[in-house]
Every structure is written in C-alpha cells, then in structure tokens.
Amino acid sequence: MRELAAALHKEALLQWRTRVQLAAIFVFGASALLLFSFAIGPNSAALRLHAAGFLWLALLLSSTLSLAESFQSEMEQRAFEGLLLLPASPLALFYGKALSNWLQLVLLGVGLVPVMVVLYDAGTLRLPGLLGVIVLGAAGLAAPGTLYAAMTAQARAKQTLLPLLLFPLVVPVLLAAVKATSLLILGDPMEQARSWALLLVAFDAIHWSLCGLLFGRVVED
Amino acid sequence: MAEPLPRRGPGPALAFVVLGTLLLLAGSILGLAVAPPENFMGDVQRIMYVHVPTAWNAMLAFTFAFGCALLFLFQGGWKWDCRLEAAVEVGVFLAVLLCAQGAIWAKPTWGVWWDWDPRLTTTAVMVFLFTGILALRHFVDDPLKRATWSAVATIIAFVDVPIVYFSVRWWNSLHQLQSSPSTVSSVFHLPLRLNAFGVLFLMIGFITLRTRTAGLRLQGELAPPLPEPAAAPGLVPTRAGA
Amino acid sequence: MEATGICRRYGRRWAVVEVSFTLPEGSALMVSGRNGSGKSTLLRVLATAIRADRGTARVHGLDLRADREAVRRRVALLGHHSNLYEALSALENLQVSARFLGRDPGRRALGALLGEVGLEERADDAVATFSAGMRKRLSLARTLLQEASVVLLDEPYGQLDPPGFRLVDGVVSRLRGQGATVLMATHQIDHAAALCDHGLVLEEGRVAWRGRAADLPAEGGLVAVGLPEGASA
Amino acid sequence: MGYLEGGWEFVYAAYALSAVAFVGYGISVFLRFRAERARARREAPGAPEVSS
C-alpha cells in the first residue's frame, strides 16, 4: 500500500510534467473525430448514428499514443529498473502506472465528448451514465495497454507493435462501450446499456487482475 | 535458464504428415462422394467435413500454445518456448484457413461472404491476436525477453478469446437472429472423424517440425552451453586477495 | 559477499564465466578489465538487475536468487544508465526514490545530499537540462540515498571532472568508514587501488588476475587491463 | 428454410483451398527447417546438435 502510494506520487509528478503531451494527444483525438465525419459526409442523421463508434475509435487511437508515451520516460534512462532495484514491487509499479493511464484516458474521453456533441449533434442528458461508460471502457484499455506498452517500449518497431497487440485484445471493450454509448445517445428503450456496462466490468476485472499478476514477469529479467 | 532444446529429426514429423494426409484423403473422398447430402443444406454441407476439423484443431493448437506458455513461465525450459512459437504459428495458419472456409460456406448459405457470425468473427479476432504475438517475437531480439513476453501475451490472448466470443454473440444477436451452421449432419460421422484425425496428425507433424526449426534458430542465437565446472559450484569458493 | 561460479550469457557470447570470489564485509573490491570483459554484467548480476545463468552469490548470507528482495534492500547499484527521470527535477528524482524506500526526507535533507554531490543550485532543474557529468553526480546521490550495506559502482569516474574524481574518492572512503562493502568496476586503476583492498581483473568474462589491488601494477595484471606493463593508469 | 440445391462449386472451392493451404504451409515449414538446419551445420560443423 505504501509502495502504491509512492508509485502514484511518481505518476502524479510525471503526469504533471508531461501535461502538454496529454493536450497534444487530445488534439490528435479531436482531429480524428473531425476526419471521421469527412468519411461519412455531411449527413447529420448518419453522423449521429455513428457518433458513439467514432468517439471510441478516436479514444482507442489516442490511447496507443498516451500508453506508449507513459513508458517512454521510464525506459530512456532505465528509471524503471532503478525503482525495481530499490526494491519497488512490480505490482505497485504496475497498478500505479495503470491507474495513471486510466485517469489519462478518462480525461481524454471526457474531453472528446463535447467535440463529438458539436460535430455529430449527438448529445445526451444521461451524463452520469456516459461518464460511467467512459470510466469502464477506459479501464479496459488501460490495464492490457499498460502491460503491452511495457513490453513494446523495449522492442523494435514499437509504434507498430502496440496497436497490433492491443487492438484485437480490446475488441470486447470497443463493442460494449460503443453499444452502451450509442444506446445512451440514441435512446435505450429496452434498458440494455446496463448489461453492456456489466460486460465491461467483467472484462476490467479479468484483465486488471491478470495483467497485474503477469507484469512482474514482463519487467524482471 | 536450463539448456534443453527439443530434439527430434524430421522423421517422426514426416510420419505424422504422411499419416495425416492419408486420413484426410480418405475422409474427404468419403465426405465428397459417399456421404449423402444433408436434409437442408444439401451438398454444401460437405464443406463441414473439412471446416469443422480445421476449427477443432485450430482451437487445439491455441490451447496447446496456452499450455506451453504456462509451462514456460512456471516451470521454465526453452523447449516450451519453441513449442509455443510452433503452436501459435500453426494455430494462426489454421485460423486463417478457417476464415476462408467459413467465407466459402457463408456465400451459398447466407448469400454473403462474411456474416458477423460469432464463431467466424471470433476466429478473425483470434487471427489478429496471435499474429500480433508472432510479430512481437519477430521484433524482440533478446531470446529470454522474447520467450517471456510471448508467453505472457499468449496467456492474455487466450483468456480473451471467450470474452470476445460472448461479446460478439451478444452484439450480433441484439439486431438479428442468425441461424448458425449446425455442426454437422448427424447422418454421417465417419468422414468428419477421419478428417479430424487427419488434420490433427498433420498439425502434430507441422508443430513438431516447426518446433525443431525454432530450436535450431534459438541454438544459433544463444552461446553454446559451457562445460560443467570440474567441481560442483558453490563448494569451492576461491578467495579474492588471499 | 560470496560469489560462486557466476555465469551469464549475453546473446551468442558468455559475458561472465565462472566468476567466484569472497569479499569480507566492509572491504572493497576493484574489478577491472578491458571494455567488454564482463565487468558491468558481473555487477548487474550482483545487483539482481539480471539473473545469472549459472552460479549464484550470497550477500550477508542472503542468496541472489532465493532472497531477491532482501538482497535488493542491501545492495545499491550505480550503473551505466542514470536510472533518472528526464522530465523530473533533481530533487523530485530523489524524492521518488525515497518514497519507494519508505522514507519521506524533507527538502532540507535531500538538499544536503544534493550539496554533497555539488548539485545544490540545480535542485529544481529538470534532469533533461543536465550534462552527463551532472547526471552521474545525481545518480551517485540516488545510490547514497539507498543507504545500502553493499554498494556496486560501475565506472563511477566516467564522465566526471577532476573535482568529481575527488568526490567519488571521498564517497567511497566514507562508505567504507561506515562499514559498507564496495565493489567498483573501473579503468582508473590508481584511484581504485588506493581505495580498494582487493582486486580482480576480468578477461573475456573469466577471472584473469586476482590479488591485492595495490599489487596490480607490480604483478603484471596491467596487460589484462589493456595497458602496457609498467604504465601508470 | 428450404433445401439448398447445388453449390458444388463452393464445396470444390473449399476442399481445393484447404488442400492447397495444407500443402503450401507444409512445404514452407519443411523449407524453413532445412534452411535452419543448414545454417546450424554451417556455423558449427561437426558440433553435436543440442540435445535435451
């Protein structure tokens, strides 16, 4: 617990120092949202219909950037190894990093929502529900994303490798989050959003525990 | 890390391949010429005699890879890494073939090459999941890291497969109900069984030979094992200084 | 500290082969040898940054493999990489490490430590703006922060200026005065020989010479280090 | 759902594709094995192959 606090302290410092990066990634996500609308054309009904999908695709694309960045500073001077030798437990380091990535993705997601509302005319008044879906979906991206980013940060061709590994893995997150978001936007007569949220919870629970368990093997020689 | 690499000449592998080929030929002839057409699907049903065995064995290959990953992580030994590489590659091959066969099945049955049937879609996701692991292996040069990371990725990917399956099934069933292909007509099981064992033996042959290739490559990447020290290490510490 | 038959593979080569030695508590060992002779790999094995492929070592009776965490609590490594966060300031870097060590020294204590390595004035500057020598000094401070009983120094003199050399000399003397065991991999034989009592020269991963550090030049170990006989490093 | 007539071309396509795939992949596995074995022999002539 003490180590987790230390890890969170470290992440807070790093996040604060690299906050400009987060802003840049947000701009990237927003521009992706803009580009998606060109792929559909100026058809507001169609745009509104696909808004949820575009929001999550934009967040998914941005996530690979922010996840990869999160291990950049750890690996360039092997600061991460330095902490492991102190010793810091890999478990604390993983959950610190995953929580920080989670927060970052939630911020990105929340930031992209107004862009979506403006561009696609896809507003909703069920804001707590939307926030909940973003929180759950971002958690699903953060845990495996953190684990894979730790690997790919040390591999060749890291820019290609991270999305290649992460995208197929988070298909359930994408499906469930898009469905739930779109139900919130377009109306949910059969109250299905809750069951999609449940799927997200299950995915999060499995991957947050599994990835934490395996992280030690990934970072230790 | 212990040294042992799997050793087996191409002999046993070739034997498995020959046996598998013979079984496949027999099963396919039965399935194409002897088996009666199915009640609803007619002759198209015959695709199932090769499709279903491919599906079973693809799953088997990935399950084997999962077992290798667990054994590598919790028991160790390079042989599990070599086997994992072989099993993942053969599994991806079978899964790609499975998708192609599925598309050929879908066209006459549903009128489209691709339907978002949960099984077909899950297979496609699996192709990408495990291709990613092959790519990871390609881009990591340190043998130990490569082995550990691909074992970890294999475990995560394998655990993810059922979640993908259920999410796709759910996702699809909400807007349309799709008749899935019944596994096989109950009239005629023999060609299915022959082909299942045929593909199984072919797969064993491929995995064996591919494991050997991986072992040889690993051997080229690792320094040759050192001769054991004359005395058991730990018993005769030498002193620095004096 | 007692190392027995340590072997470590590095790609297609054996970087360290059958290295054994015993080092009484509180003494200092100089490890020398040409570039690529396995000094760094040996130190990294002893620091548990990498595992030995064969052999092991005991630190205060604790096994490198079996008691990894306990060993890490007692061993500090100053390695080739600075282990620092470029984006954080000098002070923050030390704070991060201190928190993981379960301590929360105030700004003053950390400032004093920074003063010791001559970085007091740059405490709040990001490491990204530091020169190589300043990074080395900060890494040294980070190593000292660990208050380890075994200190492994890999090329401690590298990239340092003459005052930096004196700083390292002083730090090593003080560590020894406090009873710590010091292992130092270096090419600065005259500095190291004055500080260490034991010497070890590696050649292609094997022990090529061992003896009293002060005897190294006289006994012809210099050839193994890559210097002509009789030269003074 | 009625009885599906014909469709033999799809059946043949599926079997032909599978046959080609198995043969092709088999050849690829064998060729890679041979190349790797040749490399190993070239790099360490006479050396015994690593045994378990």
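Odds and ends about this structure:
Order as written gives the chain letters A, B, C and D; numbering starts at 1 within each chain.
What we mean here is this: a residue touches a chain if its C-beta (ideal position, glycine included) is under 8 Å from a C-beta of that chain, and two chains touch if they have at least 3 such contacts.
Just so we're clear, the structure is a prediction, and the values are computed from it rather than from any experiment.
For chain pairs A-B and B-C, the one joined by more C-beta pairs in contact is A-B. Rounded to whole angstrom units, the spacing between the C-alpha centres of subunit A and subunit B is 30.
The distance from the centre of subunit B to the centre of subunit C, with each centre set as the mean of the Cα atoms, comes to 47 Å.
Averaged C-alpha coordinates put the centre of subunit A at 39 Å from the centre of subunit D. Residue positions of subunit B touching 2 or more other chains: 220.
Under the contact definition stated at the top, not a single residue of subunit D touches 2 or more other chains.
Multi-chain contact residues of subunit A (touching two or more other chains) are listed as 221.
Annotation, chain-chain contacts: A-B, A-C, B-C, B-D (touch as defined at the top). Residues of subunit C touching subunit B in their complex: 2-5, 7, 9-14, 17-18, 20-23, 27, 29, 53-56, 197-200, 210-212. Contacts from subunit C toward subunit A in the complex involve residues 47-51, 68-69, 72-73, 75-77, 79, 81-88, 92, 95-97, 99-102, 126, 135, 142, 146.
Across the interface of their complex, subunit C is touched by residues 1, 142, 220-223, 226, 229, 233-234, 236-242 of subunit B. The touching residues of subunit A, counted against subunit B in their complex, run 144, 147-148, 151-152, 154-157, 160-161, 164-165, 167-169, 171-172, 175-176, 179, 192, 195, 199, 202-203, 206-207, 210-211, 214, 217-218, 221. Contacts from subunit A toward subunit C in the complex involve residues 2-3, 5-7, 9-10, 13-14, 17-18, 73-74, 76-79, 81-88, 221.
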